[in-house]
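Both of the next two complexes hold chain A, though its partner changes from chain B to chain C.
Coming up: the complex of A and B.
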């Protein structure tokens, strides 16, 4: 037996007298305490890990969805499968928003087998359409952890070394049916530097604990639907890159969008290369992005050119990831009575009504709670520091 | 038309770079900063007059700081006791005359009192846009930028952060450019879905603002507006600042180079270079004579 870290389990006294946290105010309402708890959970997200860690920006992620009999359970409304698929659609959207040059693939497992729903690709629409269609599928049988991991690894092991290889498993069943020893597969995963994370929907399963511990991933079990969403969104941020991942220069193309005018004599409408696979949308178009190396036409970026293999992106796609590389420091929290200056938030010019105010460590400007959340979640730069910064 | 209680905020960001406006006053005395602000006040008043729930904010973007011209802190804090400030002789709607007076007073304060350190002559637009985004959070809003001086290359990253935050919040950024084309604003308008227009005649600024930029998103579908500009999305390499079509991207820090180099200059990681495989010549086994 390998050594497990000491943890206080719930029945061993890890939780004691939890009712003392809640305090009533004069009129007997718990509103202030509830707001305080919500506020603390929002702040926790902001404070976590702002150190200078090298991150894996180009990610190849496989999402494995358990489609076994236990997904028919109705503890998540309307049933576990529908709820998970809906949350995964939101996850795919957020993922491509934060990691525009990464790829995702989806695998489902049921009846002791695993099959690929979608291949690894950088186009979010394909995945969202596949997830929508999967709602009608029948949940039957037992899942197979070994088979789904094996299927994912078959494609991941061919990916170049500078990208991060990840698998995210959503497991609701407490059993798994494996054709071979899964501990051997875990050793293989570790040697191939694949990082596996699991989100459990029922309870903690020891095999998943070992799997995630050995490969360096995260294992959580959900409490309810909002917790499920929070755990999924945790995986949107790029993970710290392992120390042995290679760094290399990747050759990329930056095509221009050209539109031929209809009056131009040589202008002929043409098909784009992405229409070879799918027949959705208008086929012929006059404008598009032409690969700088082979002049194949595409309607959307980012894409990997099918003819010459060059990755095509546009500069804003790379710019979207910059805020991960230069993260904003968390602001210091003070109480509003200690603050001597004007009672105005420097960003939105509103009055400081909350009990706590936030001060930027470099420019000492004061912000209210809403602006602080907005700055850290979406904006990623302090509005007052911009005025004095000499950015890259 | 939108629902009665839907609040719609218009934030006007005016570039008040003193160097550009000073030169402009000498080049073309018919169009000065005060004429520009007259046009801004006209469009602000029109927006507030369109619906009772419309709101306005005006930000002046200076070389090293940005100030809210309207609503200003002094108006918020004081009660409306000042009769002489609010009453205008011609029976105008009180809110409009208060707004105009405040904008005029604040811009005088800003231009006369702003201290000016250092040599930078470029307007820091990204900061004003960030403040505009923070102020328009709870309601439907859009931003109109009136740009005079040239782009500041230093603020590329902050500018892109602001643009992506605006896109996430569904806030449109429109741009009205007076002098030279701005690549950053063209990208901003393209990504957020706003309108970009370079005005051929500066004197008619008020007319262009009313025609093109006053209608909001739902009404724009019914109008024939200037066609979108061709945006150049090519990246600039970090070594020479040239626009390139094929480049090399460092996988750690995402900096773009035009030529292969063994070390990334931004994050100083050494890259692995793929060497061709050495093929060993096969040794022939000599047959033993029996």
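Coming up: the complex of A and C.
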């Protein structure tokens, strides 16, 4: 009947048939279409990320990883578990990059049970190590949504009200084995303002739809590996701070990194507090961050002081988190023809070659696509605005 | 919104409309204009009910003299309730828009406990009730005979209407019925005795009336006041009740004799099949009962019951049944057959004689409806092939149309699985029914599906016996255990209480994420009345082609009749019947445009054009060449892909302009052209 079925052959299903989109221009070059595609994908990201809402700054997130039998499925390569863990490693890195004063914990669920892989902490290395180790674990039995949510809630409910309480579930199985009625638990989650999001690896499960809808989370099902990555990265950005969440003043310490001079005879190498409970890592060192309150030593920031409970951060950390409170306004998009004046980007000073340009709403500076992305994704402030503030 | 349908102002109580609803209303209006009958097929979940109601109500308001009443027939009480709910919405919209209290009166007859006998209900503009009130001659006589001629009759969910017609005209007589009837006759006898002593005048009065004949009824029929009753044939109205049964005692004696004769007929050792004239000849030879008094039997009994002022009519159901049988058998020489079976096929050792007086021609019961009412609309989600209904019901429709579902995303995925992974052909046909390899592959299919389909799966088998065999075999092979790792299993049984319990638990398991499979039977309770919306039915698997049990004598007689009278070949009818049931089963999963579901036909015979072509168009158009004759593995791959696609966010905005229209969009030139293509004229 029809020669070209719309769905590709089954064995090609997993690949994006990008070559079909390509079209040669008059000179037989592909350059134009390739650029067009790249431009489109960049634009999409910009549009997605430019919602103007106040976002939470301190986050407590539990990631629940399904380790049930269905994680052995090989539709993600080499299998679902390995692929998910790899992506999660990247996620953890990115998460702490964007939310330096937030914390993450990891829970695995299999055989109808839930176990903590790592506790809530702000140390990315610890999580990444744990994730790397988990690759070799055996996938067996069914997951239990109830048990994992319950386990996460046990720790989350003690978190202070000005922080966000979140759970992200990576669910591969289509079934869950629960010891009690999960709808009761959903009510509890709702009352505790825990936001539960689910990324499904196989199909839409009803109970997850309800769970996420009730708790205000997101529910997505992956199409393929790249989509999976995209969905995970959506959770890097903090969720909108709800108006009901408390605002409070928090005491924070800003320790300086001090290293005793090797010539100083009095200096003695000491243990870092954060290494006390873990056997790995270097034990004794000379330098470190000393808590301004109790002088406990830490080798890494940010951290909560084990002795006096003070949150220890560095100024750049706070600044990076700060932008979530005051997100930068999206720049307006105009066609380059409409623009009068210099055809140069204010940031990189390059010529404006793309069809569209971006204008800052407050200082009317003009930027190119690349710089617009950089400003919104990394800088989080308009350089021209800052410049005019500092300038004479 | 307010629509303009070929000059008719229609109030539609929603802000958005599906394109197919618009074209459905268009066709409906043309049918009403032509004052003819119509056959309309539109998928479930596309708002058939509200389209029907809003158009016909608008029509009634615009032309109050042309259409006086809407008679809406549905099958079950929940369906009737749904109709009333929609109607209420429509009426609210009317009163809001026109700002005047509406003088519309609607009446729903669902069950005795909701019954109202206020005289005003006779003037109701809309009547909603069950099929039986119109088709079953026993009830129709009580409820429907005063309905005006200028009414529009709608049969919703009418894909089984022929069977309803046949059932309403068929009579089954067992020993129990005869015993009951014997008791009834004794009671009658005693009552007559009593009355004779106290109030002999009453009986005389009745006698006088009977001499004059059933003039009253005749006058009524000639002046076209009543819906004619198929049990009461025209001829007898012109004649007086014959002398042999005119007095009450004689009639009771007559009934006794008839009863004795039936008892003797039930004392058989082998199966007897005979036609009505043969039966009449035999009864004349044996007990000297003539044809004529038999024909008056039903009417005479009614008259007697009235005279004796017996209130408990229900007690006399056995006697009524027998007298109806007497009238029917003597009235219709064609279209009926009498089969006397000494035992049931399944239990040949237990004597349980049954006399089946079986109607083979559905048009007999529905004929008065077509004749009397100016427009009769037959509609359902599955009426394909459309042309067979006018043939078996013997009427001439002015419109026949099948509408598809316009979809913003392809939310149904019909797959025909013809082979196992080991290339063994999958089929439920008789020869391979016991085949181990087929059963194993069926099990494999269900197991694979249970691992990839979320929440609920409904699996249909062709019969209870077949299901029991397969499930037992799966249990032995350990397949059942593997399935249970993924989902819980529930089974429909012939016991209604057990089934509703299983259903309840099934829904609970779907709701809380455990996932469940419901094993049920095509033609069973689940396949007809119960919807599996959203997560309650993400996949429907149809194991085999649900052919009716072809060894039944009643069916054989009917097939023969269809061949002789309507030139419909046996095979065509059987396939049609099987496919409409298959379509019903798989249609359970899709109940709207936001719903999605897999439809898996697990039999290689579905791939053949004669089977596939009989599926409703809205299913057929999604069966591509690539989804025919798949192996289990291939089906699993396609399903996985489909389920992931469907799990992507889908909002109302995505539908707007494509499968959901605002008034402005509807009125655009381009859209009207598109809509014109949606309706598929046959």
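Basically, the second predicted complex is superposed on the first by the 337 of 392 C-alpha atoms of A that agree within 3 Å, B and C clash if a C-alpha of one lies under 4 Å from a C-alpha of the other, contacts with A are read in each partner's own complex, and residues count from 1 in each chain.
In this section, contacts are C-beta pairs under 8 Å (C-beta built on N, C-alpha and C of every residue); 3 or more make two chains touch, one makes a residue touch a chain.
Quick caveat: nothing in here was measured; it's all calculated off a predicted structure.
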Clash-or-fit label for the pair chain B, chain C on chain A: fit
Partner chain(s) touched by A:223 [first = chain B, second = chain C, both, neither]: second
Touch count on chain A, higher of chain B and chain C: B
Touched partner set for A:70, first chain B, second chain C, both or neither: second
Partner chain in contact with A:285 - chain B first, chain C second, else both or neither: neither
First (chain B), second (chain C), both or neither touched by A:203: second
Touched partner set for A:359, first chain B, second chain C, both or neither: neither
Chain B versus chain C as contact partner of A:182, first or second or both or neither: second
After fitting on chain A: smallest Cα gap, chain B-chain C, Å: 32
Sites on chain C touched by chain A in the complex: 451-455, 485-487, 510-515, 534-535, 538, 624-626, 634, 637-638, 640-641, 643-649
In the complex with chain A, residue positions of chain B that touch it: 64-66, 68, 71, 73, 76, 124, 126-127, 130-131, 133-135, 137, 154-158, 160-165, 168-169, 187, 191, 230-236, 244-254, 256-257, 260-261, 264, 266, 269-272
For the chain A and chain B complex, residues of the former touching the latter: 54, 57-58, 97, 162-163, 241, 246-257, 259, 292-293, 310, 314-316, 318-323, 325-326, 342, 344-351, 370-371, 374-375, 378-381, 383-384, 386-392
Contact set on chain A toward chain C in their complex: 1-2, 5, 7, 10, 13, 69-70, 75, 142, 145, 174-178, 181-183, 200, 202-209, 220-223
